[in-house]
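To start, I am sharing the structure in question, which I have written as structure tokens.
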Amino acid sequence: MRILEGEGVRKNFGGLAAIAEVSFHINHREILGLIGPNGAGKTTLFNLISGSLVPTSGTIKFKGENITGMKPHQICKRGMARTFQLVKLFGNMTVLENTLLGSLFGTLTGMRQSTALKESLELLEFVGLSGINGVLAKDLTIVNQKRLEVARALATKPELLLLDEFMAGLTPTEVSLAIELIKKIRNRGITVFMIEHVMKAMMSVSDRIIALHYGEKIAEGIPEEIATNPKVIEIYLGV
Amino acid sequence: MLEVNKINTFHGKVRALWDISLRIAEKEIVSLVGGNGAGKTTMLYTISGILHPASGTMEFFGNRIDGRSPHQIVKMGICFVQEGGKPFPDMTVRENLEMGAYIRETWKKKEEMLDQVYKTFPLLKQRAGQLARTLSGGERQMLAMGRGLMSRPRLCMFDEPSYGLAPLLVKIFFTSIKTLREQGMTILLVEQNVRQALEISDRAYVLENGQVVLEGKSGELLQNDHVKKAYLGL
Amino acid sequence: MNRVTRANTKKILYSVLLSFLFMLMVIMPLYVSPYTIILLNSIFMYIVLTVSWALFSGPTHYLSLASAAFFGIGIYSSAILGDQLPLLLVIGLGGFISFLLALLVGLSSLRLRGMYFTIFTFGLSELIRHSVQWWEVNKTGTVGRWVIGVDHTTVYYIMLAILLITLVAAYILKHSKYGLALLSIGESEEAADHIGINVNAMKIITFAISTFFMGATGAIMATRWTYIDPSIAFNPLFSFMPVLMAIFGGIGHIFGQILGASVLTLLADVLLTKFPYYYMLLYGMILVIVVLFLPKGLTGLKEEVKKWWGGRAVK
């Protein structure tokens, strides 16, 4: 079953097509990777899916429902969450408060304060952040900030999670831990769509990969196919 | 050419660097590796003058640089390309690059410098008239690197240059590092991508909790078990 | 005493203190001079304006300079309807019309951020002032209006009631999940939107609610001035003062907002009577000094003293 579908999605900025007629789909519980040279339109595609931007034309369907043009908070309540390339935490609020907000507002039916609290604490442990509930988000290390952003996103009980360059800036050891976390997230039944430049992560954890170039999809397939695709090697991987 | 002696730098009340010493000779490529929070960026901030050390000395070609302000240090020939680039968002790509040549006498030679940078990063030439804030994350990184190079520095320091860059661009960047060295530049590299950093550099310092725990030839460090386990996840 | 019982004891102590204070306020008119009552009315008015301004602008960092517009609408409601409708209804209408206008303002300024929002609100306030002036001159044929006077003590009790309602509303909001959501909007609007917070709705509604109190206050205070015209009712000073008072007292806490409004109103009164020729100069100087040395306002004083004291101890 397809949890997310995009058909002929186009986004123009003035005369420039940032995304040009891209069609894609993700299956339930899949991990789909998105790669492409810098400036290819990867984050723009995420913005179109999550509601930050409205497509110039084309449709996006989430769980069968047409979500094209919906606002981010509406899409979130329907079960989609995301992280950002440049971490967007609520810096002057504590670790717990950041996560709590996700629980309190992210679900369609709302949640009681006590349940939200319990769930937030559980999620913080899940991502590997225990014992720092009272620390201000802006005082965290970059690794912990990324973990917190994931905890906050998971607090909204998503069925689809968009990760934008989650691994950027992590040491190889930290990358391995992050890969484990993504696998744990998938095991919870959450579908993952991830933009990544860290090839080790991308190849080992994705079921399928899509490659973008100048706003167009130039390749799609399983990791082995993508890694050996001559066009992808030419414009993205290098030899 | 760069001598750092027993530097102690604080972030407010917290000591980030403990008696750190390091040495870089001309035309060397040296990398600083270590986990997040080890103090690598703090070290670069201290050398570039953004942070002042509480004690210790730093000399560049025999001249003291500790305590000097950042623009004086740039004038002396050290350039610092920060993590994520930090380009001027409302200026065009070209204008950002031109700003790189502002402080040195290179302002007169800026067209020549611009050509060189465009050759290394053809994408920047394509986007020359675009506002920097419309660039993607990786493109901004490239722009900052180009901007740093415009001042024709003798020592160039890069903080996480491969952050968010497509693999092809990472390869191009590290190749251009070699070219820069051939042109007479000295390079100090801070990288999470430990393998790449060690493969391209001559020597490396491994930082942990604000202290140097290992130093040596990069080739040897690549074989070192501690490094492999702690940083390469092997 | 462990931490929990200490916190509870603190809460009980504060509640007792506040109830005592409130009772004091209630019986005050029986024991003090009319001058003091009038002064207290002023203080109450500025507290309400400051706290209601900070209700929205505090956590979201959207600095509104339109408070004068809403305050002025309350004043004009009193002027126009005061002789036809009972007082309390007029006050309610003053607040309600402000609320409606604020909804419109909010909807039209949705895309504006930072400095642009601030200037837009200021411009709007001035536009309303000039529009009312034009209407009065050309359509109604008057410039100023008379307002039915109400005795000071009645004004006092009504202002006290409005003050109480405003403070309770501010407190409840701040400690609810909506208060937390407003803070998150001030930190990162995009992230807030993405975790399910309807940012636009929350901004507009909170903004509108805050103006209700401003309008109601305007309606009752107008009866004190008895003569009003557009330049009195929509005086930009009513937009600037709440901002100043909040920053002066400490914008982050309700107590700071109350403190800032009370201290500055009192200070203005004292200076005006003692140094009628230099009062503006002295007032301005005190403002500048406080902002320079206490960036967090008066409520930051405790922190600054601790820092200063701690620093000396180390040496």
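Just a few scattered comments:
For clarity, chains are labelled A, B and C in written order, and residue numbers in each chain start from 1.
Rule of thumb we're sticking to: a residue touches a chain if its C-beta (ideal position, glycine included) is under 8 Å from a C-beta of that chain, and two chains touch if they have at least 3 such contacts.
Everything quoted here is computed from the prediction, not taken from an experiment.
The chain with its CA mean position farthest from that of subunit A is C.
A summary of chain positions shows that the Cα centroid lying nearest the centre of all protein Cα atoms is that of chain A. Averaging C-alpha coordinates per chain places the centre of subunit A 42 Å away from that of subunit C. The distance from the centre of subunit B to the centre of subunit C, each centre being the mean of the chain's C-alpha atoms, comes to 50 Å.
Per-chain CA centroids place subunit A at a distance of 30 Å from subunit B. Of all residues in subunit A, only 50-52, 71-73, 76-77, 81-82, 84, 88-93, 97, 100-102, 104-107, 113, 152-153, 155-156 touch subunit C in the complex they form. Listing the residues of subunit C that touch subunit A in their complex gives 177, 180-181, 183-184, 187-188, 190-200.
Contact residues on subunit B toward subunit A in their complex (touch as defined above): 35-37, 83-84, 123, 127, 134-139, 141-142, 160, 163-172, 192, 194-195, 230-233. Here subunit A touches subunit B in the complex through residues 13, 35-40, 42-43, 85-86, 141-143, 165, 168-176, 197, 199, 235-239, going by the rule given at the top.
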